[in-house]
């Protein structure tokens, strides 16, 4: 991911709110790599809005910097999707920011789904996430 | 409209792309004042995407500046919505930017509608726009 | 604050990242009301980047909704600026989101300032924040 | 360039204002390929704000679409930078949008520079742009 001119504020550093896009980029890349995207979720008749989002800003990203976004899936039994993120600045390997997000499942009537949807359980199995628990 | 910190770039002036939001603010305010909003359009089973958008940047807006957006409706017989905009900087009345936008009508199947929809003709009549032509 | 069309995502609700703008609106309004703005900080030769930002999303805001942002200053002895936020949806008084932010002080060489700058102490005094402690 | 979830509006298509970012991506990529970036311009003590920006929207980009941005430099004798853009949707090669931008040169005092700066003339020579004129 390369920092866009439009993402930088008048201090010459990435405006803090833009890290929400970078975390989303991380989720997208994770979804692409592991077969779990917004479009898959929607095809399975669910929405997954965020209920929690945290940022810790460590060192600023500047215009022209390249960054690497590391996205880790944290498993829970409950019907939620938990990711942790670390953004590294490529030029010096410094951590630019860390954070986490939690998403829940809604059905297409926008009602909260309290039990893990089948397609999510299938995905976990495919990922081998249940293995260690059995 | 007050310039947000997040709308200013590393030159300390509003990033040019953010004027698209200001023009949208202008359309919203116009719609609210004259009973012609996105939600009205949608309730009447149409969408009105932009097909053309132009900006001319005159003098920069800075963080903390207040601006006034003047939005003028330009009537056409064809099935389109044409607005012209002028953004003034309140602190010195200088013109910050001018521009225009053209929107067309789609039905909910997203097909182009070539004839003015009834609700739009009704709105024009209510606005007295046809008066001068009869 | 009125939700902009451009702030709403394909689910028809405000995209979660846009709440960073709303919290900034809250800080701005607080700064304006209490004489403590980015521009004051800058005039006093400091920058105040965020080091922490948290969101909890409760009920979605939709296009056209009006929201009220409540911004509370939380005092600390340390050289940091701590705000808590609650965003209410005007149409039903429901809480849309809560959150908090922590900012630190940098001097214009971008070095971390560990002791409360004089202008910040002066501002606290003016606000009567030290009263209860003496 | 891949369409981000956050760039899509409630109609499920890229919000028109986000094309300003895509054009900027095009300028960046052009600058990187041809040694003419914002940072080069700044190192040569100039700023190059936009004075004109036009969009024509042809077919919508949707979430998950990949797009190719073609950026063409149009030469003028005057001290300005003129680009034309075409954005193609990779999935069907359809043109999503076209447009153009014009930038001018300011010195670091933010005064308009009416004569082509030397570094820009040098860049044109390196690009062979003057050849056909001699």
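As written, the chains take the letters A, B, C and D, and residue 1 is the first residue of each chain.
Just so we're on the same page, a contact is a pair of C-beta atoms (placed from the backbone, for glycine too) under 8 Å apart; a residue touches a chain by one contact, two chains touch by 3 or more.
Just so we're clear, the structure is a prediction, and the values are computed from it rather than from any experiment.
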Between the pairs A-C and C-D, the one where more C-beta pairs touch: A-C
Farthest chain from chain B, going by mean C-alpha coordinates, please. A
Same or different, please, for the chain B to chain C contact, judged on whether over half of the interface numbers appear on both copies. same
Please report how many Å separate the Cα centroid of chain C from that of chain D, as a whole number. 34
Averaged-CA centre spacing for the pair chain C and chain B, given as whole angstrom: 30
For chain A paired with chain C, centre-to-centre distance based on mean C-alpha positions, whole Å: 24
Please output the residue numbers of chain B that touch at least 2 other chains, ranges allowed. 5-6, 11, 17, 20-21, 24, 63
Chain C partner contacts - residues on chain A that touch it in the complex: 11, 13, 16-18, 20-21, 24, 47, 49-57, 60
Can you list the residues on chain A that touch chain B in the complex? 5-6, 8-12, 15, 17, 63
Show which residues of chain D lie in contact with chain A when the two form their complex. 2, 4-6, 20-21, 24-25, 28, 37-39, 63-64
